[in-house]
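Some structures are shown below for you to check.
Here come two complexes built around chain A, the first alongside chain B, the second alongside chain C.
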Partner chain A sequence: MNGYAGKILRVNLSTGKISKENTPAEVAKNFVGGRGFGAYFLFKEVPSHADPLGPENKLIVSSGPLSGLLIPGAGKCDFTCKSPLTGGYASSSLGGLFTAEMKFAGIDSIIFEGISPKPVYLFIEDNKIELRDASFLWGKGTITAEKELKEMLGEEFQIAVIGPGGENGVSFASINHDYGRQAGRGGVGTVMGIKKLKAITIRGTNSIPVADLEGYRKAGIALYKSCKEAEGLKFWQSYGTPGVTSWANEVGAFPTLNFSAGSFEGAKTLYGQVMREQIVVTDKGCFGCPSPCGKYSRMKRYDTQVEGPEYETIGMLGSNVGLADIQDVAQANYLCDELGIDTISAGSVIGWAMECFGKGILTLEDTGGIELRFGNVQAVFSLIRQIAAKEGLGDLLSQGVKKASAATGKGSEKFAIHVKGMEQSAYATHNATAMLLAYMTSDVGAHHNRAWAITYDIQVGREKVTPEKVAHVIWLQNFRPMFDVLGACRLQWVELSIERDLYVPALEAITGVHRTWEDLEKVGARIWNLTRLYWARENDGFDRQWDMPAARFYEDPPTTGATAGQITSLDNVNKLLDIYYEQRGWESNGLPMPTTLEQLGLTELVA
Partner chain B sequence: MTAQIKLSGLLKSYADGQPVILVQVTEGSLKSVHDYLISLKIPSEMIAMVLVNGVLQEKDYAIRDQDIVQLIPLIGGG
Partner chain C sequence: MRLYADFSRCSGCHACQVACSLNLFQENNPKKSALRIIPHFPVPGTYELKVCTQCGDCAAVCPTNAIKQNSKGAYYVDYAECNLCEACVPECPEGVMFIKVDLANHSWKCDLCGDCVQVCGTDALFIDEIDAPVRHSASSQAA
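Let's turn to the complex of A and B:
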C-alpha cells in the first residue's frame, strides 16, 4: 500500500513472541493511520472491562501515511491504550523523529501485548527485532537512559523510553523521546511501565512506497514554500508556544492558583520574551519541520537543561502553582521529564494539593512537614519527586486529581480540575464557552489539542452559547485530530495559517487515494464516535454526567484578573451539551444514535 | 518622525485592507501600542502578540521613531 510501510508488528511481552502481519487495507481505508489505527485496534482487540494495568491492555504505537515523508512536521506518532488515569480511551501524540524511523524500519504500528516477567527493551534494526534485557536501565531517568542507549547502540537509533514514574505506576506517566519530547497524557507511560517495557529502540533503512513521485515532489514543495513565506514564521520560530503566554494572561485564560483565576500577578516574568532572553539556548524541531518551535533551555541556577518549557508547562507548573520565575518552572519541567511524568497533570495535582493545604483540608501531617503554599518552589520540586516515587503525599497525588480528591473528600472534589479524570490543560475556562465545551467533550478528557477553541471564543463573543459556536467545536474535533491520524504536525496550519487544502494533493500523491477534507473529516467523525462508544463500553453508567466540567467553571467566578466576576451558568453548561449532542447525532444521554453509527459505517464494528 | 504599524491577516480589515500604517511619533509624548490599537479601533484581545523590530513586546510598549511594529492577530486555525 502506497504511503504505508505495510506491516503491523505484534510483540507479546508475556511469551516473548514477535510476529508481523500485513497492515489491513480495509482499516487503512476507514481509519487511515495514527490515532485512527490506535482507536480501531483498541476497540477491536482489548477485551471489554480489561484492567488498564493488567496483561489484557495493549499499547499501540502508530505512524500515519504522511509520517517519514517530506511533508512539514511529518514526525507525529500516536500512542493508544486503555487509560489507567481515566479508565477510558487514551491517545497521546509524540513529536520528534521516532515515527519516521518506524516507517523506515517497515512498520506502521507496533502492538504490545501482555506483561514481561522482567524489564526489557525492544530492539529493532530493520528485520532484526528482539526483546533485550533492560535490568541495567530500570530505575534510571528518561534522559539518562536514552543517553546510555544511544551510546550503546548508536546515535542513529531513535528511542522512546519511560522513567521511574512509569515503572512505579504513576497514573499519568509519560513516554519520552529525543531527550525532551513526550507522549505525556493519559498514562501511556504507565502502561508501558506495567508491561516492564523500558524502551523501544528503532533504526530503519528502507524507503516508503509513494504512488506518484512527481506529484509528491510538487505538493511537498508547495507545502514547504507556504510555510517559509508565512508572515508568522519568524515569530513562531523565535518563541514557540510560550509566545502566547502574555495573550493568555491578558484575556484571562492563564491558569492561576489551581484555576481560581485566569490572570496571574507574576505572569510578566513567565512571558515568552523573558524566557527567550533568560534561558533559551537554541531552537529544536521534529522530523521534516520548517518551523522548529521547540526551545532548548539552560537553567544556570540549577546547572541543568531541558527542552521547553512549552506554554502548557509554563501555565501548569508556573502560574497554576504560583511560581513566577521561568528558571524555576523550567527546572520543574526538567524534573518531570527525567522522572517520566506528565507536566500538565503534575501541575494540576500539585495546584489542587496547595489549595487543599490553604483551606486546611491537607495539613503538615499529610504533607510530611512541607509548607504546601502556592509559590513554594521547593515544595513543587519535592512533590514532583514524591509523585514519581509514589512516596508520602505523592502516593495519593500519583493517582490523578479525580481519585485523589475522591479519597480526600471534604469538598475538595469541587476544585479538582478535570473532565473524565484527566486534568485540564492550561486554559482557564470561566468565561470561554467554546473552549469549555471542547474540554467537556474531548475524547481523552480535558485536553486542548482536539479543539483549541479559545481564540474562536474571543473572536465571536466568549459568553455566547449558540449552535454556530457548538458547530465550530465539532468541526475542530473532527478535523484537527486528523493531523494525528495522518502522522504530521498540525502547528503549521495552526500557527503559520497555511492552507489546509495544500495537504490534499500531497496525501493523494503519496497514497494514490483521492480524499478531500470533507472525506477526512468524516474519518475524524468515525474515530470520534468509536472512541465515544469505547468510553461507554468500559464504564458502566456512562452518560452526560461524564461530560460535566469542574464545578469551579460554573460556580466559582474569579475575584481577580481579566475574568473577575465572570462565569458560565450551569444552565448554559447544560445547553451547550444539549446542542452538542443534537448536532453530533447523539441521544440526550450522550450516546451515539444507531443512525449516526450507520452513517459512519461503524455498525458492524461495534455490534 | 514616523513609525510603521504592520497589520497581517484579518487585522488588515481595520485599515481598509492596507497592510502597513504610517503613524506620526512625537518625542516627549510617546504613545503605547495599546493607545494606537484604541485609535485604530482594533480590540486588544484580537492581538495575540506584538513584535517591535522583530522582538516580542507588551502592549504598553511606547512606540518610538523608526520603529517597525508588527501586530500578530489571534491564530486563525485554533
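Let's turn to the complex of A and C:
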C-alpha cells in the first residue's frame, strides 16, 4: 500500500510473542492512519470495561501515511489506549523523529498487549525485533535512560521511553522521546509502565513506497516553499508556542492561580521573547519541520537543559501555580520530563492543591510541612518529585485532579479544573464560549488541540453563543485532528497559514488515492463519533453531565485581569451543548443517533 | 559552487536528507542521503551538519574514475563505474562519501542538486562559491 509501511507489529508482553500482520486495506481506507488506527483498534480489540491498568488494555502506537515523507512536520506519532486517568479514550500525540523511524523499519502501527513479567524494552532494527531485559534502566529518568540506550545501540536509534512516573503508576505519566518530546496526555505512559515496557527503540533503513514519485516530490517541495515564504515563519521559528504567551495574557486566556483568572501579574517575565533571550540555546524540529517550535533551553541557575518550556507548560507550571521566573518554570518542566509526568496535568493538580491550602482544605499536616502557597517554587519542585514517586501528598495528586478532589471533598471539586477527568490545558475559558465548548466536548477530555477555537472567540465575539460558533468548533474538531491521523503536524496550517489544499496533491501522489479535505473531514467525523461511543461503552451512565466544564467557568468570574467580572452563564453552557448535539446528529443525552452512525459507516463496527 | 552548512541554524529535522534520497535514489529514505546530521544531546544541545565541500579528494583516489564532475562543477558518482573498492571513503574530510553495501551496490555523494536547500526551513543550508568568505564556512566549526 503506497504511503504505508504495510505491516502492523503485534507484541504480546505477557507471552513474549511478536508477530506481524498486513496493515488492513479496509481500515486504511476508512480510518487512514495515526489516531484513526488507534481509535479503530482500541474499539475493536480492547474488551468492554477492561481495566486500564490490566493486561486487557492495549497500547497502540501509530504512524500515518504522511509520516516519514517529504511533508512539513511529518513526525506525528499517535499513542492510544484506554485512559487510566479518565477511564475513557486516550490519544496523545508525540512529535520528533520516532514515527518516521517506525515507517523506515517497515511498521505502520505497534500494538502492545498483556503485561510483561519483568521490565523490558522493545528492540527493532528492520526485521530484527526482540524484547530485551530493561531491569538496568528501571527507575531511571527518561533523559538518563534515553542517553544510555543511544550510547549502547547507536545515535540512529529513535527511542520512546518512560520514567519513574510511568513505572510507579502515576495516572498522567508521559512517554518521552528525543530528550524533550512527549506523548503527555491521558496516561499513555502509565499504561506503558504497567506493562513493564520501559522503552521502544527503533532503527529502520527501508524506503517508503509512494504511488507517484515525481508528483510527490514536487508537491512536497511546494509545501516547503509555501512555508518558507510565509510571513509568520520568522516569529514562529524564534519563539515557537511561547510566542503566544503575551497574547494569552492580554486577552485573559492565561491560566492564573488555578484558573481563578486569565491574566497573571508576573506574566511579562514568562513571555516568549524573555525566554528566547534568557534560556533558549537551539531550535529543535520534528521530522521534516521547516518551522521548528521546539526550543532547547539551558537553565544556568540549575545547571540543567530541557526542550521547552512550551506555552502549555509556561501556563500550567508558571502562572497557574504562581511562578513568574522562566528559569524556574523550565526547571519544573525538566523535572516533569525526566520523571516522566505530564506538565499540564501536573500544573493543574499542583494549582488545585495550592488553592486547597490557601482555603485551609489541605493543611501543613497534609502537605508534610510544605507551605503550599502560590509562587513557592520549592513547593512546586517537591510536589513534582512526590507525584512521580507517589509519596506524601503526591500519592493523592498522582491520581489526577478529579479523583484527588473527590477524595478530598470540602467543596474542592468546584475548583478542580477538568472535563471527564482530564485536567484542562492552558487556556482560561471564563469568557470564551467556543474554546469552552471545545474543552467540554474534546474526545479525550479538556485538551486544546482538537479545536483551538480561542482566536475565533476573540474574532467573532467571545461571549456569543450562536449556531455558527458551534459549527466552527465542530469543523475544527473534524478537521484539525486529521493531521494526527495523517501523521503530520497541523502547525504549518495554524501558524504559517499555508493553504491546506497544498496537502491534497501530496497525499494523492503518496497514497494513490484522491481525497479532498471534505473527504478527510468525514473521516474525522467518523473517528470523533467512534471515540464518543467508546466513552459511552466504557462508562455506565455516560451522558451530557460528562460534558460539563469545571464549575469555575460558569460560577466564579475572575476579579482581576482582562476577563475580570466575565463569565459564561450555566444557561449558555447548556445552550452550547444543545446546539452542539443537534449539529453533531446526537441525542440530547450526547450519544450519536443511529442515522448519524449510518451516515458515517460505523453501524457495523459498533453493533 | 558548493553546499554550505551553518549548523547553528540546523534544527535536526532531516528534511534535507529525505530530499537528498529522492534525488540520488528516487527513494524516500534518509539513510540513503549525502548529508550527515550529528546531534549533540542532551548536552550541549546542538546539531552538527556535515556536507560535501566539493574538494575532489574522493575523485583523486578513485581507481575506476567513477567520480566525475557535472556541469555545475560538482563531483558525482557514475554508479555504473563504481566497484565498491572504498578507496574514496577514508579520503573524505567531512565523512560524507558513503558506501553501505546493505543499502546500495555503489557509493554515493552530494551532486549539488540543491533540493536540500529548497526544503531547509531555517536556511541552515545554502549554495555559494567554493571560496566564499569564511563566515560561510560553518561546516568546519567544532560542535
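Operating definition for what follows: the second predicted complex is superposed on the first by the 607 of 607 C-alpha atoms of A that agree within 3 Å, B and C clash if a C-alpha of one lies under 4 Å from a C-alpha of the other, contacts with A are read in each partner's own complex, and residues count from 1 in each chain.
Heads up, the rule we're going with is that contacts are C-beta pairs under 8 Å (C-beta built on N, C-alpha and C of every residue); 3 or more make two chains touch, one makes a residue touch a chain.
None of these values were measured; they are calculated from a predicted model.
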item	value
First (chain B), second (chain C), both or neither touched by A:Phe104	second
Contacts of A:Glu495 with chain B and chain C, given as first, second, both or neither	first
Chain B versus chain C as contact partner of A:Leu476, first or second or both or neither	first
Contacts of A:Gln378 with chain B and chain C, given as first, second, both or neither	neither
Partner chain in contact with A:Asn127 - chain B first, chain C second, else both or neither	neither
First (chain B), second (chain C), both or neither touched by A:Thr363	neither
Touched partner set for A:Gly272, first chain B, second chain C, both or neither	first
Which of chain B and chain C A:Asn589 touches, first, second, both or neither	neither
Per-residue contact with chain A, leading partner among chain C and chain B	C
First (chain B), second (chain C), both or neither touched by A:Lys284	second
Shared contact residues on chain A - chain B and chain C	none
In the complex with chain A, residue positions of chain B that touch it	8-9, 44-49, 51, 54-59, 70, 72, 74-78
Contact set on chain A toward chain C in their complex	68-70, 72, 97, 100, 104, 143, 147, 155-156, 178-179, 204-208, 210, 213, 217, 220-221, 224-225, 227-228, 233, 237, 281-292, 294, 296, 298, 305
For the chain A and chain B complex, residues of the former touching the latter	231-232, 234-235, 238-239, 243-244, 246-247, 250-251, 268, 271-273, 276, 451-456, 458-459, 476, 490, 493-495, 497
In the complex with chain A, residue positions of chain C that touch it	9, 11-15, 18-19, 21-22, 25-32, 38-39, 41-47, 102-103, 115, 118-122
